[in-house]
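Alright, structures below, take your time with them.
Okay, so chain A shows up in both of these, paired with chain B first and chain C after.
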Partner chain A sequence: MWTAIWAIVQKDVTLEYRRRWLLASAVLFGFLFVVVLGIAYNGKPLPADAAAGALWMVILFSCVTILLRTSSFEEEQKAWYGLLMAPVDRSAIFYGKLVANTLFLFLVELAVTPSFWVILGVPGPASWLPLVVGLAAGAVGLAAVGTFLLFLTSASEGREILFPVSLIPLTIPLLLAVIRLTAASWTRSDDLFVWYAVAGGYLVLFGLVPWLLFELLVEV
Partner chain B sequence: MRARGLTVLGGVTFAAVLAALYMALIDAPPERFMGDLQRLMYFHVGSAWAAMLAFFMVFVYGAAYLFTRRSAFDRAALASAEVGVFFTTLVLITGPIWARPVWNAWWTWDPRLTTTLILWFIYVAYLLLRGSIADDARRRVAASIFGIVGFLDVPIVHFSVTWWRSIHPNLISGGTINMDPAMTRALMVNGVAFVLLYALLTWLRTRLEAAREEAAQLRHRVYERIADRPDERERAGRNSESDIS
Partner chain C sequence: MIELRRASLIRNGRILLHPVSLCLGPGLVTAVTGPNGAGKTTLLRVMAGLWRPSEGEVLLDGKIPGAADRAQIGLVLQESMLYGGLTVRENLRFFGRLYRVPDLGGRIAALAEEFAFERRLDDPVARLSKGYTQRVALARAFLPAPRLLLLDEPFDGLDPGMHELVTEGLTRRVQNGATAVVVTHDLDFAGRADVRVAVNRGRVNASFSALGAGSANERRPTQGPGHA
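Now for the complex of A and B:
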């Protein structure tokens, strides 16, 4: 199981390293978004709540693009069938994909987030813990639900639009928690326990549900 | 293809809706501060209950389909989801109409409002997803899984949003209902009427879907027959030409 997951992660990371343009464009898109936002705010510093919202808009957009792209690479040349025919537990495929997608998302987050305090005048984080936990939990959660929905929408003709349209409502609790954590890291507020709990609970649930449903999921 | 059960349910629902209208509009007293406006509550809360039931049934039918693989369950899930989205839309329309004069805002980020809105998004996505998968078997499995996961998400959405903020009137607190008995009665009758309406609409929609699937199969068979017999194909071709001219 672990070797299978590791093999898939290695494969995806190698592919992404050789291709490069996908992650680079996602990061570039983030910077462009920040620049447009700076223009709209007329050079004034962005309030922490608005900044947190904007940051997660960028991350959501990158998530949708990266996940849709990586999965359609899998369908070119029918590489997907090769994966499904591998003599391993099928949920290993899911978790391999999940780990790879989490890595990509986290890389984009790390590259884009500093531009908020460099360009937009958001004060540097007052406390690092909620920021880092928020970014990590967001990456894992979006990758988990996203990977799950990629399988679920694989037969759909309107996948490019239906994927984000189903991803966002399903991840609302997670988004709520990580956006609050991000905003709190900029303004320093206490009593964040509940948001750590929501993010944690959400990750446990959506980390396990796909494992239970996976045999059905590959039927789609 | 007349089902006696359907006629009976139709009659009962009709009577219940009449009784509900009478109790909500005439029998129940006007509220002290909100006046007649408060009568919206009976329809607002009634459709919210029916919508909850509908989405719960999408979950149940989805699970039943995955276990038994009988397409009837999938048709019922589709019907239930459509009726549920319809009732949720009613809730989301009557809510702001009521909230504007009372809370002085069309919309607030109250937990129940937010949960209802997210619920509406989830099940509209469910219907769109169904509509975009051409293959019958794959559509049914995908829809069943989505219906289950979407319903499991509802409590998490609700709790997370509740921790976020709260101004909705809590009518039922600590097991006691803080309302005039006539109002409570009217609300209960409206609740029953809306649930019956849900059952009736879902039944009709399920039948419609079964008829639609049967018609599609028959059409498919007709095309196959025509393809088997050259002379009929010729005749069909001529007919369609004359149709065009």
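Now for the complex of A and C:
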């Protein structure tokens, strides 16, 4: 199973490295969003809560772009069927795609987050732990739910609409937790246990559910 | 040996495949023929386990195939099932790793020689012609030395020389004990096949039970339930 997961991750990274459209477009979108927000605020510093919300809005839209793009790797020439015919537990396909999508999303986060300090005048983090945990949990959680939904909607004709429309409501608990953690890192709030717990529980849920259901879903 | 027991497929209330019982033993080439949209590819996908039958079952060597058994199936569809952004070698290495093919480098070299694409190994698949892409798709399917070959229009895009070479390769594998099911519009190939199955509007019009290699006289046609 690990060999299959690693092979899928390497394949997705190689495909993205060759074309470089995916990360470039997601990062560019993020920068443009931050620049427009900076223009709207006219040089005034953005409140921490609004900045945290804006950051996760950028990451959420980048997530939609990235996941739709990486799933197209499998759709071109139906390579997806080649994966399904492999003699491995089919959940390995899910976890391989999940790791690759998490990696891409985390790279976008690393590129876009500093622009909030530089362009929008948001102060540097007073506490790094909630920011790092929030970014990591957000990347894994969004990639997990998104990857799962992409497989669920793979046979749907209106997938480009259906996918983001179903992703956003499903990720509200996660977004709530990571936005609170991100805002707290800029304002040094205490009592964050509940948000760590919500993010952790969400990751456990969407890390395990696909493992249990994936074989069933792809066979129907 | 692959066996379909009253396997049918219904999607969105439409019957794509009427109940079919079919038993194909090793050492046989089966040609599946029929007009466009008749259900030939559907039959192949049900056989491959890509689509679970709505009723009935598909058995491989007498049991419902599990994950490990999928290594015994070599599938070629009308699409290449390859990644256009990867080179030929990278595609074969990727699928070889998924299939845990031993001596992968040697196996890739042997298949590249068999299908005459040694000089294109480091070219991206997206830049290959239809014929070369089809050769690589066949090599991908043959990579784990499968015992059941499910091939949908395998000669599509091949020049006459390569057509002959693929037919020879297929025959050699069948003589070594593989079972081949070939969806084709090539009536010449279909005429030479050991078993012929005609599909029309999701109905498999004829089926044969062939429990092992043998002459046409030894084959035992069956009229199982659900056959037209």
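Please note the rule applied: the second predicted complex is superposed on the first by the 219 of 220 C-alpha atoms of A that agree within 3 Å, B and C clash if a C-alpha of one lies under 4 Å from a C-alpha of the other, contacts with A are read in each partner's own complex, and residues count from 1 in each chain.
Criterion: contacts are C-beta pairs under 8 Å (C-beta built on N, C-alpha and C of every residue); 3 or more make two chains touch, one makes a residue touch a chain.
For clarity, every value in this text was computed on a predicted model and none was experimentally measured.
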First, second, both or neither for A:73, with chain B first and chain C second: second
Partner chain(s) touched by A:119 [first = chain B, second = chain C, both, neither]: neither
Touched partner set for A:85, first chain B, second chain C, both or neither: second
First (chain B), second (chain C), both or neither touched by A:213: first
Partner chain in contact with A:15 - chain B first, chain C second, else both or neither: second
First (chain B), second (chain C), both or neither touched by A:7: second
Interface residues of chain A shared between complexes with chain B and chain C: 219-220
Residue ranges of chain C in contact with chain A within the complex: 48-52, 67-71, 73, 75, 77, 79-86, 90, 94-95, 97-100, 124, 140, 144
Complex interface listing, chain B residues touching chain A: 66, 118, 121-122, 125-126, 128-129, 132-135, 137-139, 141-142, 144-146, 148-150, 152-153, 156-157, 159-161, 163-164
Complex contact set, residues of chain A against chain C: 3-4, 7, 10-11, 14-15, 18-19, 73, 76-79, 81-90, 219-220
Residue numbers on chain A that touch chain B, as the complex places them: 148, 152-153, 155-159, 162, 165-166, 168-170, 172-173, 176-177, 180, 194, 198, 201-202, 205, 209, 213, 216-217, 219-220
